[in-house]
Amino acid sequence: METLAPTSICRHTKIWITTERPTQFIDLTDRLEALVEEAGLRFGVVNVQTLHTTTAIVMNELEPLLLADFASLLESAAPRDAGYRHDDPTARTVNLMPGERINGHAHCRALLLGSSVCLNVIDGQLVLGRWQRVLLAELDGPRAREVSVLILGEAGR
Amino acid sequence: METLAPTSICRHTKIWITTERPTQFIDLTDRLEALVEEAGLRFGVVNVQTLHTTTAIVMNELEPLLLADFASLLESAAPRDAGYRHDDPTARTVNLMPGERINGHAHCRALLLGSSVCLNVIDGQLVLGRWQRVLLAELDGPRAREVSVLILGEAGR
Amino acid sequence: METLAPTSICRHTKIWITTERPTQFIDLTDRLEALVEEAGLRFGVVNVQTLHTTTAIVMNELEPLLLADFASLLESAAPRDAGYRHDDPTARTVNLMPGERINGHAHCRALLLGSSVCLNVIDGQLVLGRWQRVLLAELDGPRAREVSVLILGEAGR
């Protein structure tokens, strides 16, 4: 019989990833599951948030040919060479950095995909369908990237 | 006068839905409102997460002609017959199942729409604008589908 | 030494915005940071949810030329003049209002961008990458708009 009142839990951590290609999908699922277990979360949510404006967090299947289809979809939705105003150094006046990257397409793709995913946790496990994986979408790599993970809910025994 | 300290609440449940068409938008709002009431949540969030990689959870207006516009939008963004590598059985080596469906387009559409929506709750009610409804977007139906619902926050009296 | 047990916190508020153009990105970040500080949240999440079906909440860089690129992207994904069934008064039978706006494109764009963003908070601060800002995307302005903000987690000392 469960007699202890549940204890609230709130933990934050970061995941660091070095990406290797301009467009890449990196599976974060195992790392997230380990963080949930380590935190002792029994019921609650895990909010996974990228800290970059040219990456996204998505959920889908980790099948290599499908990931190639995703890359084609993104190239079709926001082509690399569409001539983004963000990439025109003669027009830009804001946020200009030395070595500014040509990455208007990557910002546009990130806008479409979204910067965070909130996942449910039950009985200490991420709630995931059979094919669901949590992926960091690198859209302007290769780069060093950071993902923020917030674990919130009830601790188990 | 309110003298009781609020009690934390964290409840999980699932919604099962059998879809009827290849592309379909199913309104989950009434079921979510009933779950919030049943759980006794007063303030907090409800995280609604699909468990499939060819469905999405979205918020928008439930107007039949608009839903037809959404279907056209998805056909334009990720056409059914664009020749997805995910659908080439001669090339696939990963996650292949007997009776594998031709559904690269559905994965791509799910990627664009997103797998979850997190909703606010105040005074025991889902916070929703006048036309907002929470919809399961079926992108590769008809199928039996499952949606995970996590309710987190403070219980009311 | 921290000896006090953390206290759960759950606060709701709204932000009101009057937009000025058909397509506009309004930076909510400073207002959100002030709300987090005012609520005394130390660790947790902030769920930012629009209450409209022709707006979206997104995270990206606030660079004026990039915002123009985003507008072009949306025009390309869901053109203003694509002939949406939602805009055909002779066919509509549901949710018809006096002065109904021609805004099928805006609903479609909202569907692609998403209605909410869930942000992490650590040490009393929104977790944000260097260029990340939280933006209300107006897609059918100018209008008066409302955004719901739910703050959930542990209070600080």
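When the chains are written out, they are named A, B and C in that same order, and each has its own residue count from 1.
In the analysis below, a residue touches a chain if its C-beta (ideal position, glycine included) is under 8 Å from a C-beta of that chain, and two chains touch if they have at least 3 such contacts.
The model shown is predicted, which means the values in this text are computed figures rather than measured ones.
A complete topology is adopted by the chain contact network, contact being made between every pair of chains.
Superposition of subunit A on subunit B using C-alpha atoms only gives a rotation of 120 degrees, nearest 5.
Note: centroid distance subunit A to subunit C, computed from Cα atoms, is 19 Å. Residue positions 8, 45, 77, 112, 114, 118, 152 of subunit B each touch two or more of the other chains. Across the complex, subunit C is touched by residues 8, 10-12, 45, 47, 49-53, 77-78, 84-86, 88, 91-95, 104, 107-108, 110-112, 114-116, 118, 146, 148-150, 152 of subunit A.
Within the complex formed with subunit C, the subunit B residues making contact are 6, 8, 43-45, 58-61, 63-66, 68-70, 73, 77, 112-114, 117-122, 127-132, 152-154.
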